[in-house]
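Below: the structure, in structure tokens.
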Amino acid sequence: MGKNFLDKIQKIKRGPAIMQEKDIGVILTNTSINKDSIVLDSGTGSGKLSAYLSQFVKKVYSYEKIKEFYEIAKDNFNFLKIKNIELKNKDISEGINEKNLDLITLDLLEPEKILIHAKEALKEGGYLVSYLPNMTQVIEFIKNIPKEFIVEKILENIERSWIVKDKIAKPEHTGLLHTGFLVILKKK
Amino acid sequence: MGKNFLDKIQKIKRGPAIMQEKDIGVILTNTSINKDSIVLDSGTGSGKLSAYLSQFVKKVYSYEKIKEFYEIAKDNFNFLKIKNIELKNKDISEGINEKNLDLITLDLLEPEKILIHAKEALKEGGYLVSYLPNMTQVIEFIKNIPKEFIVEKILENIERSWIVKDKIAKPEHTGLLHTGFLVILKKK
Amino acid sequence: MGKNFLDKIQKIKRGPAIMQEKDIGVILTNTSINKDSIVLDSGTGSGKLSAYLSQFVKKVYSYEKIKEFYEIAKDNFNFLKIKNIELKNKDISEGINEKNLDLITLDLLEPEKILIHAKEALKEGGYLVSYLPNMTQVIEFIKNIPKEFIVEKILENIERSWIVKDKIAKPEHTGLLHTGFLVILKKK
Amino acid sequence: MGKNFLDKIQKIKRGPAIMQEKDIGVILTNTSINKDSIVLDSGTGSGKLSAYLSQFVKKVYSYEKIKEFYEIAKDNFNFLKIKNIELKNKDISEGINEKNLDLITLDLLEPEKILIHAKEALKEGGYLVSYLPNMTQVIEFIKNIPKEFIVEKILENIERSWIVKDKIAKPEHTGLLHTGFLVILKKK
């Protein structure tokens, strides 16, 4: 497992917009998770975030409500030979079955509607990260955070790739100026 | 282990400049490592990168040549109750004892001098990441890369923390505009 | 005039937060102004933006409602030996006396309340730039733009200062990550 | 003049890479120039920087050694109805005819070779700005600065354009991550 993870993850089937390595890195390093953690990711999309999480934690539950994306993700996890993701074709707004989770990651619309379930499913001191492309969504999300959560950080990252070769040393001229904002909550 | 890792890591003793979460995230997501990986980190400094790596991989070897920093790192790993780091008060430029490593991370001057040892210590397809504050160092490093390695990426990250509260929604006015460049190599 | 403008502008008295060169540059290059232009700046604050505009256009009207800042700006314009700014201790929300303006710049709260006056004071094809620290303010401003205006651009700039000397070539580690958003409108 | 400068400048013929508004703004606000200034721009390229400078200063001399670009620039200045640019099909490395200049801007290879001429052509306290895409070029340039000049600033700018409309408030996802570094010198 994971021997050629990077090579393979670049070849997975793509459905919706896919999370970038820089943003996955922010999640890994700001949520106190480790090899023993149990996490939940929703919506799965093509499965890139779930696949990355599966490399570093014990167990990943992954909820995707749209059948088409669920099938893409299932194929991708098989292609990547990942065994520790339990993928469900399920709408997280209807509830979370798991308890005592270390982390919940949300890449979906109106994440504020999930907080009522998330606060039951997370363990004390557990984290929730919501990935949101729009600042309007961040503002709306922040307005609706129940008293059981603390807003730890709201982060965004601009990554530049440099070309250094012979007489050249410069950042690539064009690229991603924005992907999404990451709102990191901690359950009290 | 790790239950309050973030809370505790913020309280570790500090020696030299300490690596940021954003840069550690880039390392985790661009080097194909996972829970089964064996990695080597040098120079350890206060131990923050080694400590983070220890959360996500099987075993971390950590070399620090300066006795003072070695003692700080040892105290920090004890404080963090980390069991899977083998810390050595050792100068990596004199050689690497381990073989078949999945990843080597270098936060030290003249990393090009370590490549002769790194190519022996890394497994085929293994990664090496050099963290360098100066572009002059990146240029010098790139000039000296042996044929056994491929330059995968040269990355830098600007992270902004936003304040969203009541009528406020803006990035913090001051902060880090630069930490270091991350040069990611892969052994053929 | 202007011989040592940069040297002197760095020594002016400061009242409220002062606009940065990078943001003034965005205003100059995105509003079609030139040596023949007549512009209005409000609120003046310590007068830095008005002073810069005065170097490049024919005439600057500058409205500052707070007596204390008005006095600071007056002293600063005298110190800078600027003759083509007409400074008024006046609240722009009560109306604009001038007509046929080429540009109006607003560095004040609730700029949407000024648009009713601005549309009368600007010439056809004239520009209005609102400088706003918060994205919430940008959202509110955009909601209230009358049909006489087109939103041309909403810009923000991150500037990095590099240190290049001997073996060093790196951006300064700390600095400004955010100043404000610049909303550029054009009158139809 | 300049009534529709922005509309027109977007339609000029393009030869080589064209300078961005953000970078032109940095030049205008960091070199103490004003309506009375006499400046020299080389290489002209398609003439965008010269055209912008002509809006704000008294007189622009513009040197372009490549006949093809010289012709493009000539057409563009005619199209823009600019009268205060004196365009020459001339190689600046062979010398500068003008004296007592307030500013020299260089968008060309090996700008260090021009400094010997620039120090004669600039007035005391005058500025020189070199626009360089590569950090290697900046390093080489800085190494060769004669004692008659002070390095004032080395700047780069990342600009983001935001989309704010209805429920959307986010930066455009893709765009320019890098254009060039601006090295600003002042003659003692």
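Some observations on this one:
A, B, C and D are the chain letters, set down in written order, and residue numbers restart from 1 in every chain.
The rule we apply is simple: contacts are C-beta pairs under 8 Å (C-beta built on N, C-alpha and C of every residue); 3 or more make two chains touch, one makes a residue touch a chain.
Quick caveat: nothing in here was measured; it's all calculated off a predicted structure.
Between chain A and chain B, two chains of identical sequence, the interface residue sets overlap for the most part, with shared numbers making up over half of the total. By residue number, over half of the contacts seen at C-D repeat in one listed pair from A-C, B-D or A-B, namely A-B.
Chain centres here are means of the Cα atoms, and by that rule the chain farthest away from chain B is C.
A straight line joining the Cα centres of chain B and chain D is 41 Å long. Put simply, the C-alpha centre of chain A and that of chain B have 23 angstrom between them. Chain B and chain C have CA centres that are 44 Å apart.
The set of chain C residues touching two or more other chains comprises 135-136, 139, 158, 160, 169, 171. Contact residues of chain C toward chain B in the complex are 133-136, 158, 160, 167-179.
On the chain B side of its complex with chain A, the touching residues are 1-7, 21-22, 24-37, 52, 55-57, 125, 135, 138-139, 142, 151, 153-165, 169, 171, 181. Within the complex, the chain B residues that touch chain D are 135-136, 139, 158.
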